[in-house]
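Dropping a structure here in structure tokens format, bear with me for questions.
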Amino acid sequence: MLPVDLPGTVRDALLAPLVDHHCHGVRRDDLNRARFELLISEGGNPAPPGTTHFDTPFGAAVRRWCAPLLGLEPHAPPAVYLTRRAELGAGEVNRRLLTGAGVVAFLVDATPDETGDLDVLSAAEMGRHGGAAADEIVRIEHIERDVAETAELTADYLDTLEEELTARAARAVGLKTVIGSLSGLDVDPVPPATGAVIAAANRRLADPKGPLTDPVLLQHLLWSAVEVARERGLPVQFHSGFGGSLEPHRTDPVRLSAFVRALQPAGVPVILLHCYPFHRQAAYLAGVFPHVYVDVGLALPHTAAASARVMDELLELAPYHKQLFSSGCRGVAESGYLGALYFRRALGAALGARLGAGEWSAADAARIAHMIGSGNARRVYRL
Amino acid sequence: MLPVDLPGTVRDALLAPLVDHHCHGVRRDDLNRARFELLISEGGNPAPPGTTHFDTPFGAAVRRWCAPLLGLEPHAPPAVYLTRRAELGAGEVNRRLLTGAGVVAFLVDATPDETGDLDVLSAAEMGRHGGAAADEIVRIEHIERDVAETAELTADYLDTLEEELTARAARAVGLKTVIGSLSGLDVDPVPPATGAVIAAANRRLADPKGPLTDPVLLQHLLWSAVEVARERGLPVQFHSGFGGSLEPHRTDPVRLSAFVRALQPAGVPVILLHCYPFHRQAAYLAGVFPHVYVDVGLALPHTAAASARVMDELLELAPYHKQLFSSGCRGVAESGYLGALYFRRALGAALGARLGAGEWSAADAARIAHMIGSGNARRVYRL
Amino acid sequence: MLPVDLPGTVRDALLAPLVDHHCHGVRRDDLNRARFELLISEGGNPAPPGTTHFDTPFGAAVRRWCAPLLGLEPHAPPAVYLTRRAELGAGEVNRRLLTGAGVVAFLVDATPDETGDLDVLSAAEMGRHGGAAADEIVRIEHIERDVAETAELTADYLDTLEEELTARAARAVGLKTVIGSLSGLDVDPVPPATGAVIAAANRRLADPKGPLTDPVLLQHLLWSAVEVARERGLPVQFHSGFGGSLEPHRTDPVRLSAFVRALQPAGVPVILLHCYPFHRQAAYLAGVFPHVYVDVGLALPHTAAASARVMDELLELAPYHKQLFSSGCRGVAESGYLGALYFRRALGAALGARLGAGEWSAADAARIAHMIGSGNARRVYRL
């Protein structure tokens, strides 16, 4: 699985169990081809007539790397792969792939997806299928959705929001926000004024089932979450870079700079997820701010055969004690397996290049592989 | 010409004739050194005293790769190259280089350049010189210029614009806009209001020979073109990324996201040209929207010896059924030849790396080379 | 030190003395670990508990490449390195590292840093320690600070500013601005109006010791500097890209496009410093504007083992007569040594790749190495 000739200690460090600090539950049901293709594409649209989402880096990687775990030859055709997947059944496939990822702990954002499609594994089930521990990450916009749907008065809404944030945080190892996809990462460095929050809450309760896109309310929610995180010593994950956004350029993590600076005294860890193609920007923030952490998450399985360069670009500037591993696993267990596989291959290639050029010692390479693969996550999430 | 050891089927696929889906007519006249240097530089300015535009990636590539087609040694000095070019004459040089590109069809934006310099080959002549078929791409801002110069009344102007778009589209295989260079790619997801269009048209007719930079009129023109494209099943090309822009950061194709989303129901193919250095952003759009296509066009001949990484970055995320080849050929036939050469070398390096790492099968590599080199263009342009 | 097999003439060109056209004076005093760690990090913050700034690309490079100059084995542990550094004393360490850089001339921004920490080598001392010539670069915001602190009336302030710019420029080989970090590189293409300048100057004199962030005053200062530069034939350096900025996305050099265009008739050379991660954008500007020059400065020592790709990305588009070398040396002499070392390694890797692929001749490679390493700087700074 590792692409290059590496010293034994470095190989061992790369193959050691990982902490996957950001993933979602995968589908528990058997999937037909149309459904599977939708789940391996970021866009949520079928491929145009005459084409297939298997003709993507992710699709080619499924055929190359997941097929053998299902007992097939590498590069199995899509139809063969999906037939075999159905034969084995989703449960067995999920077990093989999640176990194959070599993960010791999954930190799971168990938010049901926006389509109301609830048929995904819970955090605990992800752990059982993958032979690993599992903890929960709470997505704050999900809490808000629950509260908005039940609250009747503005004061109730705002009070319940605080209570729910506190209650849900008590059972979680971290909080997560997708504010970047909803209103952009240009978060103000001061909380919104009370009057503006009340006005926004009133508007919200007039349409409690719609998507939350009001920047005032989103920022109020975030500042409330930061306060809870500070009290409980939890990190806050920020979805950044591509994925799910209507305006992808607003998810560049440097836009979060002023907010991050404002958070520095409180010391709440800020974890930038995915970041691609703005991962160099994220690495810079991780270098200058002591409380900022970074990964390239779902960019690894989605850039697949080209992921070594993406990882290497993150390594250009990011301190080694600030990088984490996540697969961004979502929808199908293939993403969790490929995330771990390409993480190990990409980091292995990066370490191999540095060892080959005489830039690092083998001892440092092994130590850093361990930090990025699990040590940093254990520290920041207090696992 | 291909840089690495590749299986025969993959070599054959790479060397197969290409569809160059975006190029311009090249100069038909003999060029002195000053003129040639201007044409190989993006900026349109002479090199500073004591320097030469041959000391660029493009210039070095001309000496390395075009010199042998003119019967010279590789790395011929600039003066030797230009003397030989003059000896052979522009017609012979154009024939050698355009034929050498190995293109089966040129899709030509035959708009005369802004300096009124009309001495370039027509689409049909490009085909004859290159031993290929040729079709026309209509640049919509060129149509507007013609209409503005002749219309006297606002109503005539607007009506004639629609008529000319329809008439010119009838003879073309695609439309093209350079709105990104003129007012940026932040196109509104709804057409401008009629009143605003009429007011803008009035202003336009007061200065019909000036450059068109009014965002309202440019967006009206674009929406009109989209309607024509929808009726006729034509794709619309968007110049994006570097090249010709006063504000290069406004040509990032992600800025087009809202507009692209608005176009999705109509199904009009959106083709993002060039894109560099925002090609990762373009690849993302091609991945999430079923109607978006992408190339790195003139970035290939201009990044030359470094073009393999540019191509490989596009391949990080773009679906293989969404990538196209274009040379962005303009001014001199060298750009058409080098575009095709570096496309093949860069794609060959990318395929070779994936085959070497065991990521792809040779059959898939050959199939994908064929799709990107010509198959996708045949499908989207209905050639 | 050079990573690949290169022809002798190319090796010689790479190992020839460099002009380091942008550096700062380094600390003259002995540094304890806490102080040293602060100086090797861009952020100015200690590493989080349990971590160290040695676990960064820069830190690893210090252990690998600087340790041998201090008589230690490569990869010496941080504590061993710092103990040895203290044994030798700062003077000896500075001499070894600055001499080891192989620089023939330092162009030094000798501005004391904002913390009032004045204990750094002067330009002349940098030269003496490094066995090189030394010249001064004047940072215009530093002049303004001096003037603001002494002026009492607005008219005095504005007049003195002009006089000081002229007087200080008379002793310098170039001017430098950090406007990008202070108010962004979106500089207007016309000077601010006199009334606005006077109003801004009045505000400034009410708080003359605060940081200067008023865009009107910063732009007035810059336009005044440009006028002085034009009269004296001096270039103006622009700090761009990461480093010291509150809003890093505002330091993208393409934002300077309109201003650069406005400066073109005056012919004042514009030198874009650092640029990372916007160096492709900077390379484009250097390609289209005859008066724009570019380097990747402190990105080289800070991306360290990954710097070859950064350099190679600059080489994608930048004309070879427009690229310069700088180390961005600051704080510790290690940065000056590593800047020169990684410049040579990265450029060597780029040349080696082009020679290996048959893209360039050895004669061209040697010539271009010389241009980028010193020839271009001699020309533009008239050394």
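The letters A, B and C name the chains in turn, as written, and every chain counts its residues from 1.
Assume contacts are C-beta pairs under 8 Å (C-beta built on N, C-alpha and C of every residue); 3 or more make two chains touch, one makes a residue touch a chain.
Given the structure is predicted, the values throughout are model-derived calculations rather than measurements.
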Check your understanding: How would you label the subunit B and subunit C contact, same or different, if same means the shared numbers make up over half of all numbers there?
Key -> different
Revision key, fill the gap. Cα rotation angle, subunit A onto subunit B, in degrees to the nearest 5, is 120
Check your understanding: Measuring from the mean C-alpha position of subunit B to the mean C-alpha position of subunit C, what distance in angstrom results?
Key -> 36
Check your understanding: In subunit A, what residues contact two or more other chains?
Key -> 309
**Study point:** Interface residues, subunit A side, partner subunit B - complex
**Key:** 3, 41-48, 50-53, 55-57, 60-61, 64, 74-75, 242, 246-249, 276-277, 302-307, 309-310
Point to revise | subunit B partner contacts - residues on subunit C that touch it in the complex | key: 252, 254-255, 257-258, 261, 280-281, 284, 287-291, 309, 312-313, 315-317, 319-321, 353-354, 357-361, 363-364, 368, 371, 379
